[in-house]
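These notes open a run of structures that come right after.
Shared chain: chain A. Partners: chain B in the first complex, chain C in the second.
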Partner chain A sequence: MKCKICKEDAIIYLPSHNLALCEQHFFDFCKRRVQKAIKRYNLLDEGEKILVALSGGKDSLTLAYLLKELGYKIEGYYIDLGIEEYSERSKEKVLNFADRYGIKVHIEQVKELFWGYSIPQIAYITRRPACSVCGHIKRYLMNRFGYENGFSALATGHNLDDEVGVLFGNIINWKMGYLGRQSPLLPSTNRKLLKKVKPLVLCGEREIAAFALTYGIDYIEMECPHVKGSTYLYNKGLINRLEEKSPGSKLRFYQGFLENKHLFKEEDVDLKECEVCGYPTTSRICTFCNIRRKIKERIKGQT
Partner chain B sequence: MEVTFQGNIQNLDIPHKIKVKDLYNKLGLSPEEYLILKDGKLITHDKYLDPEDKIRIVKVVSGG
Partner chain C sequence: MKCKICKEDAIIYLPSHNLALCEQHFFDFCKRRVQKAIKRYNLLDEGEKILVALSGGKDSLTLAYLLKELGYKIEGYYIDLGIEEYSERSKEKVLNFADRYGIKVHIEQVKELFWGYSIPQIAYITRRPACSVCGHIKRYLMNRFGYENGFSALATGHNLDDEVGVLFGNIINWKMGYLGRQSPLLPSTNRKLLKKVKPLVLCGEREIAAFALTYGIDYIEMECPHVKGSTYLYNKGLINRLEEKSPGSKLRFYQGFLENKHLFKEEDVDLKECEVCGYPTTSRICTFCNIRRKIKERIKGQT
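What follows is the complex of A and B.
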């Protein structure tokens, strides 16, 4: 197979674009896809200070790499979740990446903020699913760090497959509120809330992995041990069967949704300031502070 | 054929040269979910692999 642009030997064929590309032109292609998402969905302004959430996986590292390549002003942010081997290895990948590409990275540790408790322990004590606790804590900490350090945008590595998987789940269950909110751009609705952007939404998971492997971005292949067996992963499998039969389905499904987003009204949420920490929340005390309170009670009960 | 998958090396009994596309089918791998590299480089599905080749298989699906 030859590159459609230069006729050199192709390294990858992209069925959804009916496009075979060589190493050089695949690089340009990925860069353009990110630039296209940023422009089309109005995600970022040049010169704005962007905090990139780094997990050590292919998506977040590729995102940081491409944003830097496109000339955006980025710094990285990593949360050590305290999930044993997974956290140790992912942290190492992030630090090596940051060092190699000259990206400043900030690290916060869950154990330091929760009196020595890790995500699995916090999940157990608060009787919440680990992924839900983890999601809440990550979102809260990233936002707080970004706000306190003068960032205006928080970029995450959600890719086309992630967004399509979530969209599919939300439609199957007709989660109208979630459908109204699902977007590559969540504008800041409060001075203490950073704008959230997903510049990889037009890039498929396969393309991102291919990019990382081809250009030497060393990422953690290991999955977080808590994720396996979810409906979400099952849905991703179903969607991949569809994509194989009918290439381009994912892109059509997702882009069509964004074009018709007005059909799903965004619910107005009434934001108050958390009575404990002062960050915006819909209830009296935010979830983060509630989790902390439960952990504190547990510690008191033990002594 | 020497196959590396998630850090483990396995030997695959491939007596003759095989088209990459046919290797996907033989191993039951979805082309959307797995990438195959030969000598560290991606390889398109129309190419052939020799029994002596060293390849790496990478799963691309993540839990989000």
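What follows is the complex of A and C.
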């Protein structure tokens, strides 16, 4: 197979674009997909100070790599969740990556903030699903760190497959609230709430993995052990079968959704200040502080 | 397994309703599902003269059976498409069914109306996909027959799986026009246009097959040979996998869609009278008459 642009040997064929590309033109292609998302969805301005959430996986590392390549001012942020082997190995990947590409990276540790407890333990104590606890804590910490350190945007590595997986579940169940909120851009609606952007939404999982492999970005391949068997992963599998039968389906589905997003109105959320930490929340005390309170109670009960 | 209602031996378990039922209560269940659809979506009035489109398959025969059981005044209508073995065998099933249950059935033959040509031949000559030609011709003939013979409604056997298969394809591709039109009830918007209703939309394919088998409705199991390999069938397969993982998904997806149907506005269609046949159409000459004209030209060219 030859590159459609320069006729050199192709290294990848993209069925969704009916496009074969050589190493150089695949690089350009991925860069342009990120530029396109940033421009089309108005994600970032030049010169913004961007905090990139790094998990050690292919998506977040590729995102940091491409944003730097595109000339954005970025710093990385990693949260050590304390999920044993998974956390140890992912931290190592993040540190190596940051070192190699000269990206400053900030690290926070869940165990330090929760008196020695890790995500699985917090989930057990608070009787919440691990992925729910983890999501709340990560979102809270990323936002707080970004706000306190003068960042104006938080960029995450959500890719097309992630977004389509979520969209699919929300559409099948007509979760109107979630549909109204799903977007590559969540603007800052409060002084203490960072803008959140997803510059990889037009890049498929397979393309990102190929990019990371081709350009030597060393990432953790292991999935978080808690995500196994989830409906979300199952739905992603179904969508992959759809894509096989009809290449480009994922992109059509996602872009069509964004074009028709006005149908799903975002509900106005009344934000208050958390009585404990002062960060925006919809209830009196935010979920993060509530989780912390439960852990504190547990510790008191033990002593 | 025992029937949830009377504790007799169950003959079927319905995962979507987490319900095991005996023969009698499964019968009642199916009857109630049809009643519920008729009532909720305002499909039929008592005493209406209803033409039921019969294909010889499980859905249309079960529909006729249940409508009669519910006391509706029905007559059957069968179109012989001239698709060789499939048409011969399906006609036999329809005639046997009508005879057994004392239902009057009307038959029209595509070959009689198209100078000896069958659906596959018409598709070939007009260079249209067979399923498209067939759909157009069937819809036209059913409506015309119903109108000319004083019926006020045309009932078809589309079941939940059919509707979900179509809905899924329309949502994935955000076909806004089709989404606006998809409904268990298409009201009569023109004197010469029959109301069209789908009373089986709350009944799954598996339930209908079980119903037909249990109550001895002898139907043709053979699928039309032209439908093989279609995206529609492929999508139905994907949705079945979703249903397996999460029973009730089909019903949630479809009912959620109908509850939110106001989002997808039906476009106003400007209906004219076909210059050839006088039936409603969006263009100068309707598709049916256009197809007939092409066949006539072909015949002239040959003589």
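For the reader, a short list of remarks on this structure follows.
Note that the second predicted complex is superposed on the first by the 303 of 303 C-alpha atoms of A that agree within 3 Å, B and C clash if a C-alpha of one lies under 4 Å from a C-alpha of the other, contacts with A are read in each partner's own complex, and residues count from 1 in each chain.
Note that a contact is a pair of C-beta atoms (placed from the backbone, for glycine too) under 8 Å apart; a residue touches a chain by one contact, two chains touch by 3 or more.
Owing to the predicted nature of the structure, the values given are computational and were not obtained by experimental measurement.
Of the two partner chains, chain C is the only one that A:Y234 touches; chain B does not reach it. In the superposition on chain A, A:A20 contacts chain B only, with no contact to chain C. By the touch criterion stated above, A:I171 is placed in contact with chain C alone, chain B being left untouched. Touched residues of chain A, counted separately for chain B and chain C, are more numerous for B. When the two structures are aligned on the shared chain, A:K138 is found in touch with neither chain B nor chain C.
Judged by the touch definition given at the top, the superposed model places A:R206 against chain B, while chain C stays out of reach. Of the two partner chains, neither chain B nor chain C is touched by A:K198. When both complexes are overlaid on chain A, the residue A:K91 reaches neither chain B nor chain C. By the touch criterion stated above, A:L263 is placed in contact with chain C alone, chain B being left untouched. Taken together, the two structures place residues 241 of chain A in contact with chain B in one case and with chain C in the other. Residues 171-174, 176, 231, 234-235, 238, 241-242, 245-246, 249, 252-253, 256-257, 259-260, 263-264 of chain C are the ones that touch chain A when the two sit in their complex. On the chain A side of its complex with chain B, the touching residues are 1, 10-13, 20, 57-59, 158, 161-162, 165-166, 205-206, 208-210, 213-214, 221-224, 227-228, 230, 232-233, 236-237, 240-241, 243-244.
Per the touch definition, chain B reaches chain A in the complex via residues 6-7, 30-33, 35, 37, 41-47, 58-64.
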